[in-house]
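You will see subunit A twice below: alongside subunit B first, and alongside subunit C after that.
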Partner chain A sequence: MFEVRFHGRGGQGAVMAAQTLAEAAVIEGYHAHAFPFFGAERRGAPVMAFARIDDKKISIKSQVYEPDLLIVLDESLLDIEPVARGMKKDGKAVINTRKLPMELDLGIEVDCATVNATSIALEFLKAPIVNTAILGAVAKATGIVSMDSMNKAIRNRFGEKFGEAAANANIGAAAAAYEQTVIGRCKGKRPLKAKREWLPDWDQLPMGTALSEGSIDAVMVGPGGARQNLTGTWRVQTPRYDKEKCVRCLRCWFSCPEGCIKRDEDDHVHWDLNYCKGCGICAQVCPVKAIDMIKGGQK
Partner chain B sequence: MKVKVISADHAVAYGAKLARTEVVPAFPITPQTLIVEQLAEFINDGEMDADFITAESEHSAMSIGIGASAGGVRVFTATSSQGLALMHEMIYAVPQNRLPIVMVNVNRSLGAGAGIWVEYNDSMAERDSGWLQMYVEDNQEALDAILMAFRLAEDRRVMLPVMVCLDGFILSHTVEKVEIMEQEEVDRFLPKYEPLHKLDPAEPMLINPIVPPEYAMEMRYQLDRAVDHSRDVIKEVDAEFAKAFGRSYGGLIDTYQMEDAEFAMLTLGTATGLARGIVDELRKDGKKAGLIKLRFMRPFPFKELCQATKGLKALGVFDRSASFNGGGPVHTEVAAALCNVPVMVTGHIAGIGGRDVTPDHMRQMYDVVERASKGEKVRQVTWHGLRGKME
Partner chain C sequence: MNEEMSTIKDMPTNDMFTSGHGACAGCGMAIAVKNIMRILGENTTVYVPASCLIVISAMYPTSNFRTPYLYTAFENTGAVISGMKAAQRRRGISSTVVGLAGDGGTFDIGLQALSGAAERNEDVLYVCLDNEGYMNTGIQRSGATPFGAWTTTSPVGKVVAGKREFKKDLMAIVAAHDPVYAASLSIAHFNDFVKKVEKAKNKKGFRFLHVMTPCVPGWRSDTSMTVEISRLAVETGMWTLYELEDGEARTTYRPRTMLPVTDYLKLQGRFRHMGNDDIAKLQEWLCRKWYLHYGSEVEQPVCAVFEKPRPMRQSEEDHLHFV
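For the complex of A and B:
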């Protein structure tokens, strides 16, 4: 059995990539399945998806803990998630990055393929949805499915959902990635740090469902938990504020779903970029276009 | 026949379409939503001739279903968790009115301690309602179950609603290979629904009247007998299905490597696939491990379990929900069924609130049962994957 784990950010198409890989494998006559890590998916948040391929019926439905193939759709995850955790020593990695395999450190030294899927996606799809480009790299790096089957799977899934033109653009992205993929070996020096999680024993859990602030040493749980969970790291676009144009109507301040727009004494505003997810609602509601969104998650 | 790589939710929608469902009353709830979205699309695209009725709540969705079914048409709906709980009052009205509605419950934990992930505490709470209740293991079985469920529900010896339960997310959102049969084949297996009664203004009739003590007891006994009669029909329908489509799932239970087994697990839902793999592992090591798959929680397979456990020394029972009385609901019923059989029965609770049930958890379950089979004293009930020491 061949087990695959995808790491990406919400909106990059990791789930669709896993499903398309499974469909390509079925087209080749294998058994396959694919599923997302089941959580509250949000644009920009780290997400996972899984796939399995085998020549007989796959009965296991557990998550993938020891992948043969690791696929990373967003290089920035290498610094915030232990993506290579549990990876097999003879496994392979496919990473979306501008770097060469030898310039990357995954924390485990394995066969590694790199491709600049973001620039390919921007060229073919006009959006940083890198899933089909990465699939081209997967076909090249692993040979687990042929490009022919991959194209058919892309046509089935994307054509059905988004139409013929979208299918062709995605097939184009996969083909370009197949050509541009560089195969080598990555470094394995980076320590894979454990995720900071609050996992008390059953008899240490507070009674009921009420969590007091003092009792929490958590990332995601309880009041105050957000102080450690800097959701601003998910941001792929950042608001730019033109104070001169601002008419101090405070619509942005009122509309921000994260409450990260702060009101100054004179009713100008500023952003707490530790928590701004880059949704762009502030730019949308501004009546005088004093806010626009610029690419990238920079501060 | 077409082969598609789809989720169990979509497979279920194909099943309801192939069954020529005529009315779909529904209210969306995660992780059931993909089912009703797909059905709405089929109807909108003209691929399915049915009325999709959006209700303002699940209570209303089932009420609409009752009205439509009493009007003589084939009704399908789907829900999950809190939605099923909100339906509770109407759930009880369906079996006693002998309306053959088929509903999918995509299992999801019932709050508080609310989550969107799989747990069986939603459907287990409805097991005494008079609905037949089945659990499926994979996406193909999910589709096939819809067709078998209608055939079973509408059989004149049964005339009862069927609830098809499937694991939230683990099945509902996982894509895998599913064979979609041709309409003509399905039409032969599942002919047009012929209602027993039909609400018709031209022939006035009263349904669901208040029932005084003079009649209630006989009505309940009739219902009890109908559920009992469904046992034979379930086996017949499976045989007919195998004849038509070449796939057989067994009757109330299915067994794997039970012929010479000394210890075994009984599982339901997706844990069955996982257990099958662990049985293969144990068999390679020369251990006589077996597996019983529980397909139907209602009717409960009392006789079948007594037969299947002949010669078995220990049986572990997997539960994906707790009764808060020391064990899980499936364990309690299995223990009752086997009280006159010399087999040690233990309970194994895992996967609560959607926690991943891993191969290691299943190995631990088999380990406990194997030790019990050798006469070792083991825990009556074990929670696998629990943090902290059990009391």
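For the complex of A and C:
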């Protein structure tokens, strides 16, 4: 059995990519299935999708914990999640990045293919939806499905949903990615630590499951506990504040969905970038253009 | 704070709805909830039915509300907040009980519980966060979805393009219950927002707030345009700002001129397919709504579609009296 795990961000098309890969495998004559991680995923949040390919009927229905193939649709995920956790030693990884394979540190030394799928997607689809470009790289890196079957699967999936022109654009993106993919070996220095979670058994649950503010095993629980989720990792653009220009109208403070804009004593503001998702509303509502958005999720 | 809040500057700085929630970047609902919670303050008890808000802010064992928080099923916001208030009364606790429901949980599924609570004049605050669809479950049409909008259950095909029905006038239904206070809010009219929430907080009896909360993935809009879309909704007449106090309606903001509805539509992908006929139909509906709300105070003509002011029907005049 060949198991695949996709890591992406909500809106990049990880689920569609998993389904398309499975369909391509079926066209090749294999058995396959694909499904997303079912959680409260919103646009921009880290998401997962899974696929399995086998030459006999697949009876296992669980998530993929030990992938043969790891596909990462957004390079920034490497820094915030142990994406390579559980990967097989002879596994392969396909990463969307500008870097070469040997410059990457996955936390496990495996064969690795890299492709700048974002720029390909922007060129062919005019949107940073990288799923089809990454599939072209998958075809080259693994050879488990041929490029012909992949094209057929893309045409089936995307043509039906978005029309002929969209299908052709996506096939173009996959073909370009197939050409541009670089294959090598990545480094394995990064520690792969799982996030701590509080998962109680039924007899450890408090009465009525009501929780008061506090922490259990150093994990915050109860009212206000969700502030341990540092949503700043979702950011792809960062606000820059020009204090000289600011007229202290506080519109940005009111309009920030995250509440990450903090109000100072004198009504100037500052940002808690641990939470900023980079939506750009503050820059848009500012009447004197004291805020601009600069590319990148830097601090 | 003893003095009544009336502008942004009067708002307290401590957040009762903390950062770290899982809403999409640019979520209009998060803006509304964060500011409502700032104004209501510490002494508040929150109820949320099934909606985006519960998913983004209260995944067990944590929550983003630093206040007591409860949730049960989708359809019973009105009933549950009534019960919470009754329990607090019995135990001698005095706090603002607020139900933060979505438009599906208010317009469609929760309507009977809302009506019941309003009719009994329960001492609760009901907030409808209106993102014009069932966005949490993947963008399905609701009674609040406007005419022409694409959703997964009002798809765009060769014959029918988008939703064929107009938005339900929920405020008129609430107004028919003669509540102590009801108001429509926009996240782009900051001081108006603060004043209305403050007013609702200080009154006793059934209070209703209706907030328009743009939804980035559901409306197919840019993350940075959330507040701008809310502002344009008011300027084009898609949203009207008024309050209803002890049976009397008062417009709190009237745009100087009515902008064409296309200014509002073009920022949102859910309207991209709309043809001229549909836009004209929507504009005509808007003009009628505009006269209904601003009729008595407006210099004619306001609407590009009507060359001369249309005489209002008797039933509309009756309606005007109330809303």
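The working rule: the second predicted complex is superposed on the first by the 223 of 299 C-alpha atoms of A that agree within 3 Å, B and C clash if a C-alpha of one lies under 4 Å from a C-alpha of the other, contacts with A are read in each partner's own complex, and residues count from 1 in each chain.
Rule of thumb we're sticking to: a residue touches a chain if its C-beta (ideal position, glycine included) is under 8 Å from a C-beta of that chain, and two chains touch if they have at least 3 such contacts.
All values reported here derive from a predicted model rather than from experimental measurement.
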item	value
Contacts of A:H268 with subunit B and subunit C, given as first, second, both or neither	neither
Partner chain(s) touched by A:K187 [first = subunit B, second = subunit C, both, neither]	neither
Dominant toucher of subunit A (residue count), subunit B or subunit C	C
Which of subunit B and subunit C A:C260 touches, first, second, both or neither	second
First, second, both or neither for A:D201, with subunit B first and subunit C second	first
Touching partner for A:I60 - first (subunit B), second (subunit C), both, neither	first
Which of subunit B and subunit C A:R43 touches, first, second, both or neither	second
Touching partner for A:R155 - first (subunit B), second (subunit C), both, neither	neither
Subunit B and subunit C footprints on subunit A, overlapping residues	40, 200, 209
Subunit B residues touching subunit A - in the complex, by the definition given at the top	3, 5, 112-113, 116-117, 138, 167, 169-171, 173-177, 270, 272-274, 276-277, 354, 356-359, 386-389
Partner subunit A, residues of subunit C touching it in the complex	8-9, 11, 13, 15, 17-28, 30-31, 34-35, 55-69, 187, 190, 216-217, 222-228
Touching residues on subunit A, where the partner in the complex is subunit B	19, 22-23, 26, 31-36, 38, 40, 58-63, 65, 156, 199-204, 209
Residues on subunit A engaged by subunit C in the complex (per definition of touch)	10-11, 40, 42-45, 198, 200, 209, 211, 213, 216, 220-231, 234-235, 249-251, 253-260, 262-263, 267, 272, 274-275, 277-281, 283-285, 293
